[in-house]
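Chains: A, B, C, D, E and F, in written order; residue numbering restarts at 1 for each.
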Amino acid sequence: MAKTFSRKRIEVLVDMPLLSRIEKIAEVAGVKHFTILPTRGGGGTEGRWFDDRITGGAGTKVIFSAVTSEESADSMIKVLEPLLDEYGIVVYRSDVEVIRSGKF
Amino acid sequence: MAKTFSRKRIEVLVDMPLLSRIEKIAEVAGVKHFTILPTRGGGGTEGRWFDDRITGGAGTKVIFSAVTSEESADSMIKVLEPLLDEYGIVVYRSDVEVIRSGKF
Amino acid sequence: MAKTFSRKRIEVLVDMPLLSRIEKIAEVAGVKHFTILPTRGGGGTEGRWFDDRITGGAGTKVIFSAVTSEESADSMIKVLEPLLDEYGIVVYRSDVEVIRSGKF
Amino acid sequence: METFTSPVILFFVLGALAAFLRSDLTIPEAIAKGMSLYLMAAIGLKGGVQVAEAGFSTELIAAAIAGLILSCAIPVVMFFTLTGFGRLDATNAAAVAAHYGSVSVVTFVTGTEVLTQMAMPSAGYMVAVLALMETPAIIVGLVLASRFGIHRANQDRTELLRETLLNGSVVLLTGAFVIGLIAGKEGFEPIAPVFEAGFRGILCLFLRDMCRIAARRLREARSLTGRLVFLAILFPVANGLIGVALGALIGLDVGSAAALGILAASASYIAVPAAMRLALPQADSGLYLTLSLAVTFPFNVIAGIPIYAWFAATIVTG
Amino acid sequence: METFTSPVILFFVLGALAAFLRSDLTIPEAIAKGMSLYLMAAIGLKGGVQVAEAGFSTELIAAAIAGLILSCAIPVVMFFTLTGFGRLDATNAAAVAAHYGSVSVVTFVTGTEVLTQMAMPSAGYMVAVLALMETPAIIVGLVLASRFGIHRANQDRTELLRETLLNGSVVLLTGAFVIGLIAGKEGFEPIAPVFEAGFRGILCLFLRDMCRIAARRLREARSLTGRLVFLAILFPVANGLIGVALGALIGLDVGSAAALGILAASASYIAVPAAMRLALPQADSGLYLTLSLAVTFPFNVIAGIPIYAWFAATIVTG
Amino acid sequence: METFTSPVILFFVLGALAAFLRSDLTIPEAIAKGMSLYLMAAIGLKGGVQVAEAGFSTELIAAAIAGLILSCAIPVVMFFTLTGFGRLDATNAAAVAAHYGSVSVVTFVTGTEVLTQMAMPSAGYMVAVLALMETPAIIVGLVLASRFGIHRANQDRTELLRETLLNGSVVLLTGAFVIGLIAGKEGFEPIAPVFEAGFRGILCLFLRDMCRIAARRLREARSLTGRLVFLAILFPVANGLIGVALGALIGLDVGSAAALGILAASASYIAVPAAMRLALPQADSGLYLTLSLAVTFPFNVIAGIPIYAWFAATIVTG
């Protein structure tokens, strides 16, 4: 078996205009590396939505995704928790294995 | 460590025209919140494919992704299982942690 | 609980021009099924980047994502490890459950 | 009457039909956004070239001041109506009010097309008024929210101000206007084919899609009440008529007075939603987008524009 | 001959070349889809304007009936040939057959361009025939599948019917046609630049890309057999010649008879695949898309259209 | 002077402004890519049609040979300057050098627009020279890297060669040129509206966006040193002047000599980065893209092109 190190992947589904806020929170929490993923739509308590760019991104959601240490993921979650409702974000994290411990 | 609750993330890779079917199955299984992710291509037993919109979506796949309770994920999987071949879908699920238990 | 089999999901974040290399490595490692996901940007040691297609894809990253057996994931990781720096790729894997053991 | 056989409006109706029938042929988002950029660059340029031709005038300045006054006064009146009759909380009321103080580029463009067809074209400087009216309402809305609603002290104000004032659509519109001013008619000629010829055709396709999205949004809307829908139709009419009257008062020609009414009546669905999502994240984005995009926008295109045009034709004495 | 030096066809060949050389410059999907929408809106409008000019005629009705008959008869004949000679199971045969009973918008558009260049333009009402022929074959295909193949009782029929009849391309095509009818020549003029001038250029770029995708699909195809490829070339020729003959029989002019042949010969790759994926998910989508998009489509553009045009010129007596 | 009131250049400046103000209105990537394809198809066609008109000439062959020599010699000289004065390692120096030996389509197109406006248009065959100059520098760069830098024996050479020679932009440019040659002026006419009229307008929008991306890249750049930025401005000037001189020497007309200078001065940001990422993955892609796209490209558009044009006007005796 390949030697791997365990890390956390944290994902935040967020409205486009609020992405820069999430990036700042991540930086403060020590999450320096991240990737932004697009979405095409979804459904929830507020009904079905689609990625319509008519509104110039105000109605579009993206996923902020970062593989990071448990501590950084923890401190990021702590900052995000009080903002969950206000920002309308969805946050979850999962276990991943990485090849090298240094980079994450 | 931040207090979190464990949930399941279920992902279904499905052809665009069949997405509405998956959404209906999810709703019946109690999965009320989901997000749709785009893909750009892939490869499998049927060869390499690309997201060509010439065919108006008939040849495009998207990922139905939902974080939900183990029970809902279970009942969704049970409905999907007999349809795997017919619909040509790929289904898998994984463990995730969420911050609040209520929403999922 | 639905009967499932455990597999590995391996994800490789890679620059568009190098994707074909990753596909070849995957094939040799026995990973025959994969899906390509788009990204919209990110940030790391080299600064913030965006998916600008001006450069015809040279500056765009995609995610190679495959659900596969532990052995295949392992052998893929072994081939990728020495290439991590040179290719500037990010690799991680996680546990997933699949419904049928045959297909993966 | 003629308005209704114009392909521009017919395509809009087709979009509405397609949406209510849940027909699925959508314009890809990238194309929609590209067309939106194109429309802004094109009207900016056209307006600038026209002003370069006609020269600056007192009407220009009067129209600009009138526009600014409207975009500050409208949100205040709306805010109190929304919290009172509309039963909205202060934060949501402020967010919605800001949308109606600002303007919609596509409504304006459709309006100028209709006015031109009715042989009462608006002056080129109205594009400058359009650009001026985009942002002040955002600031008024935020002031209202912080005074009567949730006050967030730890707001990053400079970030917000930059986002608001340097909003992409404002920069593009103003930039294209200035380019049109500098380049003038001769400079514009070589690039005219793209910016002039394509204009109405693109507008057709765009309206078809806007309407489809508006209808879909309406179908999926949840937090809408009858009172709010009523206000989202009443306000454009009131604002529109007041705008036309103000235009007539300050001596604008009939087309420009009608255009000022259209600007007053229209509600933003690009610049303001983005700013509100950032500055007032706790406000319900589904609500303000639905009111602005799915109620007021189609109302203005179908019924509002002819009303304001007719009113202008009635009160402005040639 | 001239056909082959036309830029429209040359760009198609360039696309084929680029694809077989595995050159990678692809049109982004959003643009491709946008161009496809544009082509449909443009031909719909043009056809409607032409009918508004020429008025309704008995030929229009005759052509419509002939088109409907063709789109119902073709799938039945094909179904039995595919299950027999083609060795396909009933479900796959039904799915493939439905594609050939329906039509391809881009083949039609390329065909009308070629016909115009050959000085035998087709009548404006052929666009209406095109719209009419899009969907009936889907229903015929599904009836065949449920009679001879897997019968799925728990099908959601209303959903399927809506998807099929209100398919986006049908709605856009029909809608644009009706708009053209209502607006007429004068209404069309202001929007003509986008819809007329751009036409052939866009078609060039689009064909380049279609061909690239077709060739890629062919390279990656797995379930293709020689017999199926043979049928995917034989059927367009047979259908095309029958279509032309039928057109001549009912008294269409030479261009319209050729256009009817082109419609009969062409196979759908937008509306039908989407409907089949939904209604017959167990059918192999790789198979029907490859036959329609990668075999029949290029065959028609390169060889089929000239053949049908020549046949029409031969049998229709001026 | 006139250059600076041209809308083409003004839109570029608007893009720069928007980017430095961090305004966010970006052209969607799909549209940007579509416009890039459009520009290549359009100049290819135009060039081909012009050569079809004028016929092949000795100047064409002389210009082609001069272009090839420049694209092979420039990377060699740059490589040693970059490893010496620039303090880069051999691999990065080779990657950067290859970019400057190759060419930028948008710089060329902007240049020909400016030259046409200055009444010194370049000959149609310069498009062929552009296509010829795209790839040789890649091979030179790789030879330099394997001789002086990391030598990777297990490289998949055929894959790389195919990627390089059949690079999409080369195929499209060459293909469109050949189509223009075959179709000639009459064949081009029906498709001209899209490819000619739209040209400058699209260029405006594209430049606006290019500049925005360049400025963003510059803001985010990390591995840039003063010495490298200096070289990224010095080299275009030197290469451009040498290119013009060579053009004058071999007897090109004033416009074509200026165009050869522009080609020599410009640096690739599409074909070469993709090839380098594949062939020299260990080279820093942030570095070469920033130098080429964010330093040299804007320098050439704003200052370089007028300089080379002026130099050509000075030394070429009519």
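Everything below uses one rule, namely that a contact is a pair of C-beta atoms (placed from the backbone, for glycine too) under 8 Å apart; a residue touches a chain by one contact, two chains touch by 3 or more.
Since the model is a prediction, treat every value here as computed from it, not as a measurement.
A.B. asks: As a test of understanding: of all chains, whose mean C-alpha position lies farthest from that of subunit B?
C.D. replies: Between subunit B and every other chain, the largest centroid distance is to F.
A.B. asks: Look at the interfaces C-F and D-F and say which one is made up of more C-beta pairs in contact.
C.D. replies: D-F
A.B. asks: Take the average of all CA coordinates in subunit B, do the same for subunit D, and state the distance between these two points in whole angstrom.
C.D. replies: Taking the mean C-alpha position of each chain, the two centres sit 39 Å apart.
A.B. asks: If you average the CA atoms of subunit A and of subunit C, how far apart do the two points sit, in angstrom?
C.D. replies: The separation of the two C-alpha centroids amounts to 19 Å.
A.B. asks: Where the centres are mean C-alpha positions, what is the separation of subunit A from subunit D, in Å?
C.D. replies: Roughly 34 Å, centre to centre.
A.B. asks: Among the residues of subunit E, pick out those that touch two or more other chains and give their numbers.
C.D. replies: 25, 28-31, 33, 168-169, 193, 197-198
A.B. asks: Give the residues of subunit B touching no fewer than two other chains, as numbers and ranges.
C.D. replies: 37-38, 53, 56, 94-95
A.B. asks: Of all residues in subunit E, which touch subunit B in the complex?
C.D. replies: Interface residues on the subunit E side: 29-30, 32-33, 36, 159, 168-169, 209-210, 213, 216, 220-222, 269-271, 273-278, 281-282, 285-286, 289, 293.
A.B. asks: Residue numbers of subunit F touching subunit D in their complex, please.
C.D. replies: Those in contact with subunit D are residues 5-8, 10-11, 14, 17-18, 21-31, 193, 197-202, 204-205.
A.B. asks: Please give the residue numbers of subunit C that touch subunit F in the complex, ascending.
C.D. replies: These residues of subunit C touch subunit F: 15-18, 20-21, 46-59, 85-88.
A.B. asks: Touching residues of subunit A toward subunit B in the complex: what are they?
C.D. replies: So the residues of subunit A touching subunit B come out as 13, 37-45, 61, 63, 70, 73-74, 77-78, 80-81, 84, 90-95.
A.B. asks: Would you pull the subunit D residues touching subunit F in the complex into a rising list?
C.D. replies: Those residues of subunit D that touch subunit F are 28-31, 33-34, 37-38, 41, 45, 162-163, 166-169, 171-172, 175-176, 179, 182-183, 187-188, 190-195, 197-198.
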